[in-house]
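The following pair of complexes shares a single chain, subunit A, combined with subunit B in the former and subunit C in the latter.
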Partner chain A sequence: MKQFILRRVAQLVLVVFAVTFLTFASLNLVGDPLFNIVGVLSGIPDEQCEAVERGEISDTQSSGLNMGDCALIAQAKEQNNLDKNVVERYGIWLSDMVSGDFGTSFVNGDEISDIVRERLPVTIRLIVLAQIVALGIAIPWGVASAYRANRGFDKVSTVGSFGLLSIPNFALGVILLYFFALRWQIFPSRYENAGWWSELKALTLPALTLGLGLAATYQRLLRTDLITTLQEDFVHMARAKGMSDRHIMYRHALRPSMFSVITVFGVNTGALIGGALVVEQIFSIPGIGTELVEAVLRNDPPVVISLISVVAIGFVLINFFVDLMYGYLDPRVRTS
Partner chain B sequence: MAETHVANTQLSVRDLTVRFPTTRGTVQAVNGVTFDLAKGASLGIVGESGSGKSVTAKTLMNLLPRTAEVSGDVIFEGEDVRQLAEQGREHFWGVKMTMVFQDPMTSLNPVKKCGEQIAETLRYHLKRDKKSALAEAEDLLEQVGIPEPGKRVDQYPHELSGGLRQRVVIAMALACEPSLLIADEPTTAVDVTVQKHLLDLLDTLRRDRGMSMILITHDLGVARGRCDEIAVMYAGRLVERAAPDTLFGDSRHPYTDALLRSIPRIDQPSHTRLEPIPGRPPELINPPEQCAYAPRCRFARPDCLESIPQISGVAGMHEFACFHPANTDRGREALADNLAQGRTAAGLDVTDLGGPS
Partner chain C sequence: MTEIQSTGDDSRVEVMVPDKVPDDGMVDDAVRKKLGVGFWIAVGWLGLLVATVLLAPFLPLDEPNKLGAGPARTGPSLDNWFGTDALGRDVFARTVYGARVSLVVGFIAIAFGMVVGGSLGLVAGYFRGRVDQVISFLFFTLLSFPGLILALLITSTFDRTLRTVSLTLGVLAVAPVGRLARAATLVFAEREFVQAARVIGAKHFRIMTRELLPVVLIPMAALALLGMGVAIVAEGGLAFLQLSVEDISWGVIINDGRGIRDLQENPHVALMPIGVMFLTILALNFAGDRVREFFDVRETAFQK
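Let's turn to the complex of A and B:
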């Protein structure tokens, strides 16, 4: 077990390296980071600035250069290590990141660590709530349809779950918003946070938007696995022991049937972060998704890189947790 | 029939019939099975796969799929078992009547500790608290001869050998002190060396607790010596019923006779050829109105193909369902006629006497 965890942690570190480097490199190679800092001045060819330095160009009128421009460019390059190559810059960025210095935004100079500290908890709460909604619906639903597979309820719920699966997040979000926030005014339409209760209410619709589709996915998987488990001898044994159907379903059959759900739970957390991006927009939630979209739109690579790294680390951590869950679900995994 | 030993009859099965509708037709899994079981007695039900022995057991345990069509009476200690099933009676199965399954590798829940699985029964039916249930589970493990029970309660099934697991299953079945234990091929899936230990254990436990037992097996040898009575099933019907000594020494039904001949015997010279039973077990979908064993029977005469022989004889002594029973004059005549013709009425070639009958 100890070895297993160590091996997984090593893999985890490797994945985080790969993800952050690729994000860092792609955002540095595509487009010009200098442009984002100094604007059109980045278009001044290097030779011209070198010429200015050598004193060959002094006539600012004819060259269209401002004497301070070159100094500005040099300062920007120096501050952001732009004269070094990508690998070196990645190294510097990484060591800063590890020591907790996420850098600052190119555009407004905000501390990125502040942005993360402020935005991340909201998104985490949203995703956790969405997963709770999804599992809370999917488990009883899956159990109920596997209990009498291919009978009335199961057939109806198959139609229902495929329906939910085929509605895109943004459409579902708008529908929920229209009915629950505008027409019946049960839930607020915008994010508000005056205490945990008001935040919970504000996050209910977004969590439903994210969770309902997911619940349908989980329900399909759980139903299939449960039907298989119910054929097992130990289920017959439990029945021969005189246990009620409900007891057998929840105490005997459910746990060994959770493998697919748990796997997809981990994988889907990534998709959920992507989904949160859209849903945060619809419900105006100041989460990491909203910030990421804004950062991309305002061309702010340091913020984008940091946020993506945070998301990637979260994703890897959740899947690490899922691997540990297998051991909990089936003791046979622990020893092998 | 039933009146003869009403006083201490614990289980009484009358004309039990089980059918399964399938897309290919109705499977007649059990056909008119009738037997009684006295308190504290043990009955062996012997037959090959598909003979209906497991379906009979599952009917008693209320484990049949919902599609099964059941008729006939099952009375256990004065209660109508099929009615209890319909009423959804709790704390009956698992408490008064329990069952041990064939494969100990799969009949324990892989994700629960052995102790928990035994304690679960006690907590569920007898409402024990967790601590005393676990202590009792440990006690039960000791009773079924598991070494270091204190350690085993905290182990998962995969950490135990097949023999030990079957002992855990037995402990689980015994937890609520049932008055009837149904053991469905309890030793088929374990090593031969372990088989005897398990069978002896079941026998001892039964005697100590005054519990009745139905031992289901395909092996006549397993039933002998551990059962007060053996019932042989073929194609969903009881074909012969007698005490083990009678059955082994003076069998009547040609199927029983053939089964006995197919077992190696220690009193025969070595390299004596065993006699396999020709043909295959019959289809249970739309069987013809004739003796189901006739196509494989060396004794089959034309009357065997015209109607189904009903089981008859002295209840509790020796009953059988055959028109030309083996080891009788009628049987010898039938065999002699078939030999003279070279084939039976069902078309099976008969060329030699096939042993000393």
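Let's turn to the complex of A and C:
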């Protein structure tokens, strides 16, 4: 077990480096970061600024240069370490990030750590709620369809889950928004947060949007595992002792049938993060997704890099813990 | 759902466990499987869609971007089958032209994933050792990004042409396809026919392309259909973030019609394309599922 954990930790560290470096490098190599800070001034050739420094150009007229421009550029480069190469800048950025300093936005100078602190909890609440919705639906659903497998209800629910898996989540979001928020006005159509109750109401539709498709995935897995479990001797034993079917299903058969669900739990959290981006747009939720999209659209690389890294690291960590838990539950995994 | 990794073969494959058909490699005529009527209906729908898309310029359709093709914000009618949107554009024409972009993106994406992921997986599974470790780590890293985030990263660094968006989604498909190809290759590389080829002195390249590729392609075909659906959905997701192609796609049309006022006054602008998109994804998923069951690729997908 110890060796298993060590190997997974090593893998975790490698992947975190790879993921953050990929993000950092791609946004630094393509496009000119200097342009994003000083705008068109970044077009001034280096030689001209060097000439200014040497005192060869000293009046604005002949060169078309504003004398302060070069100082501005130099300052921007200095502050953002733009004169160093990508690997060095990555190192500096990473060590700053580890110590909690995410830097500031190029565009409006906001502290990125503040953005994360403000936005991340909303997204986390949405994702947790979506998982609760998914499990809350999938467990009774899976139990009911496994209870009389291949009979009426099970057949209908197979069709139903197949259909649910084929609705894109943004389409489901629009449909739910239309019926539940606009037509019947049961839930608000926009995010509001005046106390936990109003937030819960505002997050219900988004969580359903994310959770319904997931529920279908979980239901398929749980049903299959339950059908296998129900053939086990201990289930016959329980039945022979006269326990009620409900008791057997929920108390005896359910727990050993959760393996597959736990496995895909981690992977699906990643799907939820991607889905949350889209769903936050539909319901105007001020989460990390809307901020990320805004940052992309206003061309603000430091914010984009930090947010993507936070999300990716979170995703890697979740999968890491699911992996560990799986290894703990099922000894065969450790040796593979 | 929009994520390629979540459709993962694992979740769908596990459903197959209680199958009655014994997997002893012998096909008994009594249990020979059929593709079924549903499969042909699904294929029929996809065929109809492709035909419509190809013939779109010759059909009596309005220009998809023509303003005032009918009065603004009207419901479905004989003139405008899917009604008109806030700018009076014909929603049916837009849906047909949107299908063009969506299908092309889906197709290119999965084709790219098949070629790149398939070759990488084949090489990893065939050579094993160091090569396998490097390629598997690459797959692992790609899968460590939530899919849509990776897509957003790529489209925001490059541009938003049809080519970039398609290839971006293609990159997303590389890891899942590659893992399947690798797993299948690992299994088949042990088989007698491969050893026989080796004994008669076939080169690595020849063994991979002539012996292994044909058998590995079968499980990949099922994944291709499923993957195309995932890519189309992912393109729609990007469109919702305003980061997809600057053209009409299903995602763009639905995004256009999802404003509160639009939904209140003319919900068909969003709901009609949603319906068409849903049927298409359903058809792709169903066909993919049937193909997988037909060829019974359980064996290859299960092994790690």
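Just so we're on the same page, the second predicted complex is superposed on the first by the 301 of 336 C-alpha atoms of A that agree within 3 Å, B and C clash if a C-alpha of one lies under 4 Å from a C-alpha of the other, contacts with A are read in each partner's own complex, and residues count from 1 in each chain.
Here, a residue touches a chain if its C-beta (ideal position, glycine included) is under 8 Å from a C-beta of that chain, and two chains touch if they have at least 3 such contacts.
On a predicted model such as this, the values are computed, not experimentally measured, just so you know.
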{"item": "Touching partner for A:200 - first (subunit B), second (subunit C), both, neither", "value": "neither"}
{"item": "Subunit B versus subunit C as contact partner of A:281, first or second or both or neither", "value": "second"}
{"item": "Partner chain(s) touched by A:268 [first = subunit B, second = subunit C, both, neither]", "value": "second"}
{"item": "More subunit A residues in contact - subunit B or subunit C", "value": "C"}
{"item": "Partner chain in contact with A:233 - subunit B first, subunit C second, else both or neither", "value": "first"}
{"item": "Touching partner for A:178 - first (subunit B), second (subunit C), both, neither", "value": "second"}
{"item": "Which of subunit B and subunit C A:292 touches, first, second, both or neither", "value": "second"}
{"item": "First, second, both or neither for A:252, with subunit B first and subunit C second", "value": "first"}
{"item": "Subunit C-contacting residues of subunit A that also contact subunit B", "value": "none"}
{"item": "Contact set on subunit B toward subunit A in their complex", "value": "61, 63, 90-95, 98-99, 101, 103, 106-112, 120-121, 124-125, 156, 158-159, 169, 172-173"}
{"item": "Complex contact set, residues of subunit A against subunit C", "value": "11, 14-15, 18-19, 22-23, 26-27, 30-31, 149, 162-163, 165-171, 174-175, 177-178, 182, 189, 213-214, 217, 220-221, 224-225, 227-228, 260, 263-264, 267-268, 270-271, 273-275, 277-278, 281-282, 292-293, 296-297, 304, 308, 311-312, 315-316, 319, 336"}
{"item": "Residues on subunit C engaged by subunit A in the complex (per definition of touch)", "value": "1-3, 5-6, 8, 10-12, 14-15, 17-18, 137, 140-141, 144-149, 152-154, 156-158, 229, 233, 236-237, 240-243, 251, 254-255, 258, 260, 263-264, 267, 270-271, 274, 277-278, 281-282, 285-286, 304"}
{"item": "Contacting residues of subunit A [partner subunit B, same complex]", "value": "232-234, 236-244, 247, 251-252, 255-256, 329-332, 335"}
